[in-house]
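Next up: some structures, all given as structure tokens.
Two complexes are shown next, each including chain A; its partner changes from chain B in the first to chain C in the second.
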Partner chain A sequence: MTAGTGQNIRDRVAQFLKENRSDIERAWATTPVFTARRPADAAEECAELLTGLRHVIETGGEEDPSAGGLATVRPVLASLAARSAGGPSGSDRPDVTVLKGPLLRLWREQDLPEDIVHSGDLVLSNVLNTLRIALLEIELSAGTETILAQRAQLTELSTPVIKLWDGILAIPLIGTLDSTRGQIATESLLEQIVAQQARVAILDITGVTAVDTLVAQHLLKTAVAARLMGAECIISGIRPQIAQTMVQLGIDLGEVATRATLADAFGQALRVIGLTVCPDERGAG
Partner chain B sequence: MTSVLTVQEVRINEEIDIVHVRQAVREVAVSIGFSLVEQTKLVTAASELARNTRVHGHGGEAKIDLEKADDGTTTLRLVFTDNGPGIADVELALTDGYSSAGGLGLGLSGARRLADEFDLRTAPGEGTTVSVGFRARKPARG
Partner chain C sequence: MSATSVVELQDVLLVTIQGELTDEDAMALQEELTTNVARSSARGVLIDVSGLDLVDSFLARTLHDIAGASALLAAETVVVGMRPEVAITLVELGLTLPGLGTALTVADGLDRLNGSARRR
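This part shows the complex of A and B:
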């Protein structure tokens, strides 16, 4: 870099930011980044952001989004990012580029030699570009964290074992059965078979989008494990397109009982434990 | 003259990438008007081959192509490429019930049955390329 971004220029810019603090904050508060906030909060965030940026420029970290200098503005950025994450679309995403215009205008209004104005322009532009990158990074990592958290939640939530009757359990399998989720489903079903002394376990795959060989193998293994524990397994909810695909794929569920719907499987389960459903004689019929 | 348009490419490294492949394939299948049964076949075949690419090929790439022939038929082609160890005995690998990974041994042979066109290129030490084509039953609109 030339002397343009030398320490004296940085000091000059930092001084400008300090002396014109209130003007800059006032200009920033009217930009879309802050207008959605209550005026008091907006003023506070503007002040914090400006102090942070001044510190970044003083320490020469304006071109490095990962630098410690930006640490001082990270809390403000995190709050900006959190706001955009709450919105349904990207329309109200805070875009810090709008802060550049007012800042550069105020800087150019300073009565300064042309080369200093020019170099200062560069420093201020750089620091705001870096700020934008840092904000994007924070938004992205917040997104990744959300996805990871949701995936963990899904893994647990998607495998509830339901007691349909004394001795009859059902586990509705939903979505994509990868090896982790399949394993968890099997384990929780086998545990519940013991805990509830179940004699029939229904694996319902109505909500499974595709049954490939891995999923089929999983269903078979679960059925065998359940049988070893003395419970009969019924696979239900095999939809027409899945049945056709399974046949072409060559999957044979062998001795495992299958039913088209959960209701059919429940009826079969009741017969297995020796119960029948009959109309109530006192009923309207 | 057949025009080929590559719609999407997906890297396969992690288990979750298999889900990405399935989603991408389903999206394309829906966009060219495949029926529910055809979609399910396509997605299931994609799932098998993507898993093969990850498990046997130690990762690779899936490519989704749309081929438009002069007679108006559209073929959705999936090409799975890896630089893994390759397959020494192709015939054995395509035998129902043979698995080198403790599976059901129906993935590769099943995918061949599900697809309208199937092509397997491999040699020991030279990776594997599997290509499956699914013809749209009626000319795609647009």
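This part shows the complex of A and C:
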């Protein structure tokens, strides 16, 4: 097929899309992609989609998902993708392939020579396939953005450094410590040791679900780095099961002080900086 | 370019290191310091590394050697003011400077040298 004929077919298909707009829109509005929407919205989206597709076919970009013509369709696709709450594998994911059936049926119903029907079939199939790829791309990038945002949130959440007393800091570690989170926790703790002139830092691992050799290694490194800076580190909140696991794994925390609870660690920290807690003589309550 | 200065504060030698320290500088410092400790019969050596933003394995070893030599001359060595990033780098390199005293600030270091009796 020469390029000239290809353009003729495209023009013919574009003309068909234009002339049968209302029929196609009506057929599309009943497909699962749009039935979940309010009828007015669905009609509007169908119209936008159709206009966009016609533009793509007219400019000959039906096989290139990054083509400029698809730019007009992207807002509609984005709104479709936003509805796929189940993610790329979810069952309620909008699938634009269902649009192909009604479109091709309407195309074939026309009284046209067979070769034009076949070529038009090809063009319409191509453009819908491209549309599907574009939709998938949008869905994937939306998923990636969500994951990145959530990871950033998690990192922020997981590393608060708390001042317990003048010269005593605590960092409650929560969840699973991977290398990124562990590193950020260490860095913020060391920075706060300098900023607040802390003599003692308590690493509380009450909220840590599992301690493997890697996590233990990290705790140890943090403690040694704190010591190099002139602060003492206490690890607290080691649950009995975790203590047993650590022994079975042969983890030795060396000379780093450990305590069962944060309260014990705080008491030890007060002793280190030379303070004691004693009952109030006046018996105030 | 580096500038190290050794100041005598009564019976304590305060060493301040500014900028990057080359290997030659580090060896010269070790030499000077050991001589000074012997001459002044100092009780302690405070090495302020807060101006250092790079510590390599050689410098770490030099610090360790200074501490060892000073200990032989009856002086305790305390490294003060190490920056967080330097501390992390040293730990990652596996240089944990065992046996070397550390303190947050020069004041803390002096307290430490003056014994636990004067702890805050």
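Here are some notes:
Going forward, the second predicted complex is superposed on the first by the 183 of 285 C-alpha atoms of A that agree within 3 Å, B and C clash if a C-alpha of one lies under 4 Å from a C-alpha of the other, contacts with A are read in each partner's own complex, and residues count from 1 in each chain.
Operating definition for what follows: a residue touches a chain if its C-beta (ideal position, glycine included) is under 8 Å from a C-beta of that chain, and two chains touch if they have at least 3 such contacts.
Everything numeric here is computed off the predicted structure, so don't read it as measured data.
Applying the stated contact rule after C-alpha superposition, one finds that A:T209 touches chain B and leaves chain C untouched. By the touch criterion defined above, A:Q244 lies against chain B but remains apart from chain C after alignment on the C-alpha atoms of chain A.
By the touch criterion defined above, A:Q217 reaches chain B but does not reach chain C. Of the two partner chains placed around the shared chain by superposition, chain B is the only one that A:T176 touches, whereas chain C remains out of contact.
In the superposed pair of complexes, A:R199 makes contact with chain C only, with no contact to chain B. Touching of chain A by both chain B and chain C, each in its own complex, is seen for no residue at all.
Across the complex, chain A is touched by residues 79-84, 86-88, 90-92, 96-97, 102-105, 108-109, 119-120 of chain C. By the touch rule above, chain A contacts chain C in their complex via residues 167, 186-187, 190-191, 193-194, 197-199, 221, 224-231, 273-274. Those residues of chain B that touch chain A in the complex are listed here as 15-16, 18-19, 22, 36-37, 39-41, 43-44, 47-48, 51, 96, 103-104, 106-107, 109-111, 113-114. Residues 176, 178-180, 209-214, 216-217, 240-242, 244-245, 248-251 of chain A touch chain B in their complex.
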